[in-house]
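First chain A sits with chain B, and in the next complex the same chain sits with chain C.
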Partner chain A sequence: MDGLAGYILRRLLFLPLTLLVVSFATFYITRWGPGDPVSVYSGQYRDEEAFARVRHRYGLDKPVIEQYGIYVQRLVLHGDFGVSFRFRDRSIPDVIGPKIWVSARLGVYAFILTFLIGIPAGVFAAVKQGSWLDPFVISVFLFFQSIPVLVMVPVLVLVFAAKLHWLPPGGFDGVFSTSMILPTVALSLPGIAGVARLARATTLGTLNEDFVRTARAKGLDEMTIMTRHIARNSLVPVMTTVIGLSLVGLIEGALFTETLLGIPGIGRFMFESVNGRDYNVILAVVLMGTTAFVFANLLVDLALIVIDPRVRAGRGAR
Partner chain B sequence: MTQLNIELAHAEAGVRAEHSESLTRRSIRRLLRKKIAVACLVVIAVFYTVGAFAPLIAPYGYAEQNLDLSFNGPSLHHPFGTDRNGRDSLSRIILAARTTVVVTLATVATGMVLLPVSLGMLAGYRGGFVDAAINRTGEILSSMPGLPMLLLISATMRPRFVGWVKDFEGKIDVHWWRWLANFTGLCDQSQDATSCHHPLTSSGFADYFLIFAVLSLFGWVGGARLVRTQVLTLRRSEFILAAEASGASTRRILFQHILPNIMPIVIVGASAGLGSIAASEIGLTFLGVGIQPPHPSFGALITDGAPRTVLENHPELLLVPAAIVASLIFAFNLLGDALNDVFTSRAN
Partner chain C sequence: MSSKLTLGIVGVAAALIIGLAVILVVVAGGGGDKKDTSATTGSGTPAASATKAGADFGGKAASGELRLRGEDPLFLDPAVAQDAGSAVYIVEIFSGLVRLDKDLKIQPDVAESWDASADGKTLTFHLNKKATFQDGRPVTTDDIKYSFERALSPDTGSVTSENFLGDIVGAKEVSRGRSKVISGLKVIDDSTLSITLDAAKPYFLYKLAYPTAFIVDRRQIEANPKRWTQKPNGTGPYKLKEWKLGEKITLEAYDNHHLGAPKLKTVRYDLTGGSSLVAYEDGDIDITGIGLDDLDRIQDPADKLHKEYTQTPRQSIDYLGFNTNVPPFDDPLVRQAFALAVDRKKIAEVVLKGAIPVATGILAPGVPGYSADDKTYPFDPQKAKDLLAQSKYAGKLPEITLAESGAGATVGPTTEAIVQFWKDNLGVDVKIQQAESGTFFQDIDNGRYQMFHLGWIMDYPDPEDVLDILFYSKSKQNNTRYNNPAIDAKLEAARTEADTEKRLTIYQDVEKQLIKDAVWVPMFFDTTHALVKPYVKGFEFPPVIIERFRDVEVTR
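Let's look at the complex of A and B:
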């Protein structure tokens, strides 16, 4: 396990460097574009002298490299992400905190749903291996995976809101309302295929294990064997991998779902902030996303090592 | 009796072919034996043919408006109806296929084949500093949140990039360039009289290029890692050692011995990536940083079909493009699976 601990440590030590490079790239790219927050928020008003005054107040008139130095210094020494231009000098955690909270709860819902459908579907497909049901179940979820979230959301709205009138067509009124059903379904559908396939593969591995044969020989009923012996053993690795992988999909899916359905989450907020050139918000979101991705990737790698010892051996041999 | 002999002869010939034919031919034959793979290939081939010859097939132009026919339902003249501006939906779908074709082909060629193969081989064969540099760059790129970064880069790059292309077009204002633009249909006098001053920018090809550049920038990492691992394994194999011992040049080893052996992984990786490339273009266009109006793209069609009022009264404007996108990406994914089976079963 020494090699493994060293591996984790190396990956974590690399994180600050990653954040440094990513933050510099983002910093430079945002300031590169046409327009800046001052000109965006002044609207029709055009007074170069006033613009220059405001830019000077925020330090936007300095060279980009100097601005970046100041930003990093403040961030590292004081944990200060700067202020939002779009929300009149409110601090970044103040502005994005509530948005992240909304998205996080939506993400947890979607994750649970992915899991609730994917695992049974995968186990079912594995048990039915050899019959037409196995490829059929997997193909159905593969089809859902093939539909981009952006395409899925309007179709779901069309069917369940516009035609059937079962669900509200969008908006947001708390996480315990019917308005959360559509985004949750839209976000979870693409991920189910991955979970189901992984669950299928691991279940197939367990199906032929000795302890399963023993359980059968003991005369236990199929249901008990499925839940107590097979599902439990194939579950753990699937879960860990899924948490990591689905985080990536959820962040990207949230951008479309929230924009289309009018949910005040971080995805939609990021979109609005890019259009509004709200530099500090963009940077904070990208840096948090990067940190989350690094941990998610690490988690996936570790899960794969746990699932397949050959990966670990391969790493050691190099 | 003769029938049996003929059959035996055929079977024998089949066995012989199995042993003597090349890896490529055997893989293709195995692929064609799978019914699902063939069906996917047909769907993809139809889509790409329609996309490639879009201007010839589409009955109307993508920007041809007729405001008298705004939001007309499906009819004989307009099988999939017309949109808000009275533009023929069928023609817009056909021309949107061209966008998908150009973007996916360009991105696959660069981001899924050229960059992964060259960088992966370089990292795997050179090792040392080059290897570390490529690996670390890939690690940083893959830890960025992809879509927000794509959004950010396209949003800030686009105006600048289009400016560059315009400058470039101003400088090469020569006869043959005009002729080429006319010949390839980049500029169409009947649609827009001024389009021939800047054929690349006004035809939307500058947008295509930006999208493919951005997608390639983030797309090569996974493929390069796979290639690198494969090269590391191959380096220690006997036939490479033999080639090195017999004094083959590095170039010869890389291109004659290693490249053919990594192509299967590259093909599987590229076919698996095609669907997500098509989806990314649609997403970027929806977010307003991809293909710009009035140029057609499935992203634009879905954005136009998604508002509540359009959805309730003219669902065909959303459902037709949605069904086409879904079946194309589904075909890509199934084909990717089939290819994976074909190449991994080679070992058995």
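Let's look at the complex of A and C:
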């Protein structure tokens, strides 16, 4: 385990560096664009002199590099993410915490549904290779993948909310309510095809492996072969390539789905924050996303070690 | 063996998810959801739902509770907030020396009465001795002085304070950081206060009814300077009882209010979003606005909702503005030609389905000086062509771009129609440039456009609030760069004209002149379309943002 701990430590040592680069880039780019929070916030009141006074009050008139220095200093020394220009009486974690929480729970649902359908569908298609069922299953999910979310969400609302009245048309009443069904479906449908195709390809790869033939020759029942010999080996690439990225997708939230269905998540909020030039909020969300990305990748790599004996063995031998 | 392995895989997946959730909670500083913990099932599938949408509001239907859809206010500091989303809450929680009633007339609020000096420059206010903050503390003139000086102080960061309080002698000294006290504001005793203006301005009282001039509690702010607005202590008829970000806001009547206890006990805002019309039809909320798509159906007398339908004019105007400094719109003939070439009635009927009226001038209905007779250029394509031919840009028009605020994806059908009219009737191809609001406003401030599509929402019902602010040549908000000494002289005279009738005549004259000169093409006035449940009595949609719950009765 010594090697493993060292490995984790090495990976984590890069995190502060990554955050520094990402934060500077974001800091600079947001201030580079046209408009600024004071001007946007002021709506129809256009008074450049008053704007200048308010910019001075919030230190927005200082050179960008100086503003960045102050930001980093406050963040590192006091854990202070600065002021949200739109929500001036709240700390930034207070503002975005609930939004991320909403998106994350929605994302976990979508994530589970994607894999719950995607993996069995892929394995099924692989086993049925050569029959019409294989292309049929994959095509159905490809069809859903190719529908833009902007089209799919209104159609789902029209059918299940407006016509059938089975589900609420939007809103957010907590995770254990029917209002979660539409967004979960809308978020998972496009991703299922990817998971299914990958699961199909890797399963096909393992189906022809020697050890599978050996298992069959030994007379093991088909279920044991599927779960123990095939699934175990074919799931590894699915985990590595898809899950790591999907996990990050969860916290980034889903801009269109959240906006169209009135879900107060972080995707919709980011959009509003960019439009409102709420610099510190944008930066805080980007930093959290970066941190989560680093951790998600680390977790996936660690999970691989647990799942795949070859990875474990390889490390032990070194 | 095999089941053990399957368990292993599931376990890893679960660990991944839980691990991520833990990171999120730590990083984001938590953020719980009550409904979550109250749920007993942990299966993680959406189908396990037990809570039904709206169950929160259904059961406890106590009379005197009004249920609405709303949005999170950004910031409940009356001195700073200027967005409509925050203002609708602020006008209930806070109040000022005077207020606007439903007919937009000035009425006493914290000030019981006031008198003006002979020259009209000094106003002496006598406070209502019953006026208290919502924690019971009596309001004194020191509170007014503190509130005004705080609003103007550079530390407060308000962009509007100079606009609304800048007429007081010495106010600009405070806003520019040269003084801490407003020299023109004198506390005479605990309930008497005098305010001296730089000139006798009849519209100044309107400004005092605007949130920037509302009264805040010094003790509360000094005790908790950063977070006081989360539980503000105002002088308005409603207390902010509860505010859960993104979930709900509850306002509760302040029974000891100096103008009498409000009739309506509770106002509950659902902040979770979603279709408000569906929520209304399901009986989860009592009032909803109506979008253009649903308007046809509800305006049909046969529709079951038609009886609950109401429409009210709003004091705002949608217009096309020209930059009178740059070619080709520095030539009034070109501006007039563009105004004559657009059939606004047709756009209103076909594109907007008659939802909002065509503007008859610059002053909206309800603004003093408004008249129903049409002062704008009629649709006359032939005359438009002739004028364009007479202009100095005849035959050599530069490329023209219309700027508007928008996300950039699609151009609104109204704008599309306007541009089509110019193409058909003048043979001019006008390009449309969409910019999101940040960029759009900055371009307008800097005069980087030829022509723009914009709106103006009245802050108070006085013609000064649009004509002087937008067309006076030295005004900071003169976005058309219009410079006409004759108009300037009239606007200056109107500011201090004591005779109301004469004053309004001047403004009407200015309005006619501006339209004739085609500085704007006034397009449409605005209308609120809404549904109100029959058991809600006394609710009205005011044409500007003022308090509206005090006299409402809900007999559900």
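In this section, the second predicted complex is superposed on the first by the 226 of 318 C-alpha atoms of A that agree within 3 Å, B and C clash if a C-alpha of one lies under 4 Å from a C-alpha of the other, contacts with A are read in each partner's own complex, and residues count from 1 in each chain.
FYI, a contact is a pair of C-beta atoms (placed from the backbone, for glycine too) under 8 Å apart; a residue touches a chain by one contact, two chains touch by 3 or more.
Values in this document were obtained by computation on a predicted structure and should not be read as measured data.
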- Does chain B (first) or chain C (second) touch A:264, or do both, or does neither? second
- Query: Which partner does A:127 reach: the first (chain B), the second (chain C), both, or neither?
  - Reply: neither
- Query: Does chain B (first) or chain C (second) touch A:169, or do both, or does neither?
  - Reply: both
- State whether A:147 touches chain B only (first), chain C only (second), both chains, or neither. first
- Look at A:29 in the shared chain and tell me whether it touches chain B only, chain C only, both, or neither; answer first, second, both or neither. first
- Tell me which partner A:187 touches in the superposition: chain B (first), chain C (second), both or neither. neither
- chain B versus chain C, judged by how many residues of chain A each one touches: C
- Partner chain(s) touched by A:275 [first = chain B, second = chain C, both, neither]: both
- Note: overlapping chain A surface for chain B and chain C spans 33-34, 169, 251, 275, 292
- Item | Residues of chain B defined as touching chain A within the complex | 136, 139-140, 142-149, 151-153, 155-157, 159-160, 232, 275, 279, 282-283, 286-288, 299, 302, 305-306, 308, 311-312, 315, 318-319, 322, 325-326, 329-330, 332-334, 337
- Query: Which bits of chain A are touching chain C when the two form their complex?
  - Reply: 33-36, 38-51, 53-54, 56-58, 86-90, 93-102, 104-105, 108-109, 111-112, 115, 161, 168-181, 184, 223-224, 227-228, 231-232, 235, 243, 247, 250-251, 261-264, 275-277, 288, 291-292, 295-296, 299-300, 303, 306-307
- Residue ranges of chain C touching chain A (in the complex, touch as defined): 1-3, 5-6, 8-9, 12-13, 15-17, 19-21, 23-25, 27-36, 39, 41, 44-56, 74-77, 80, 82-83, 154-155, 157-163, 175-177, 226-230, 245-246, 271-275, 278-279, 435-439, 441-445, 455-457, 476-477, 479
- Can you name the residues of chain A that touch chain B in the complex? 14, 17-18, 21-22, 26, 29-30, 32-34, 139, 142-143, 145-148, 150-151, 153-155, 157-158, 162, 169, 248, 251-252, 255-256, 259-260, 270-271, 274-275, 282, 285-286, 289-290, 292-294, 297, 318
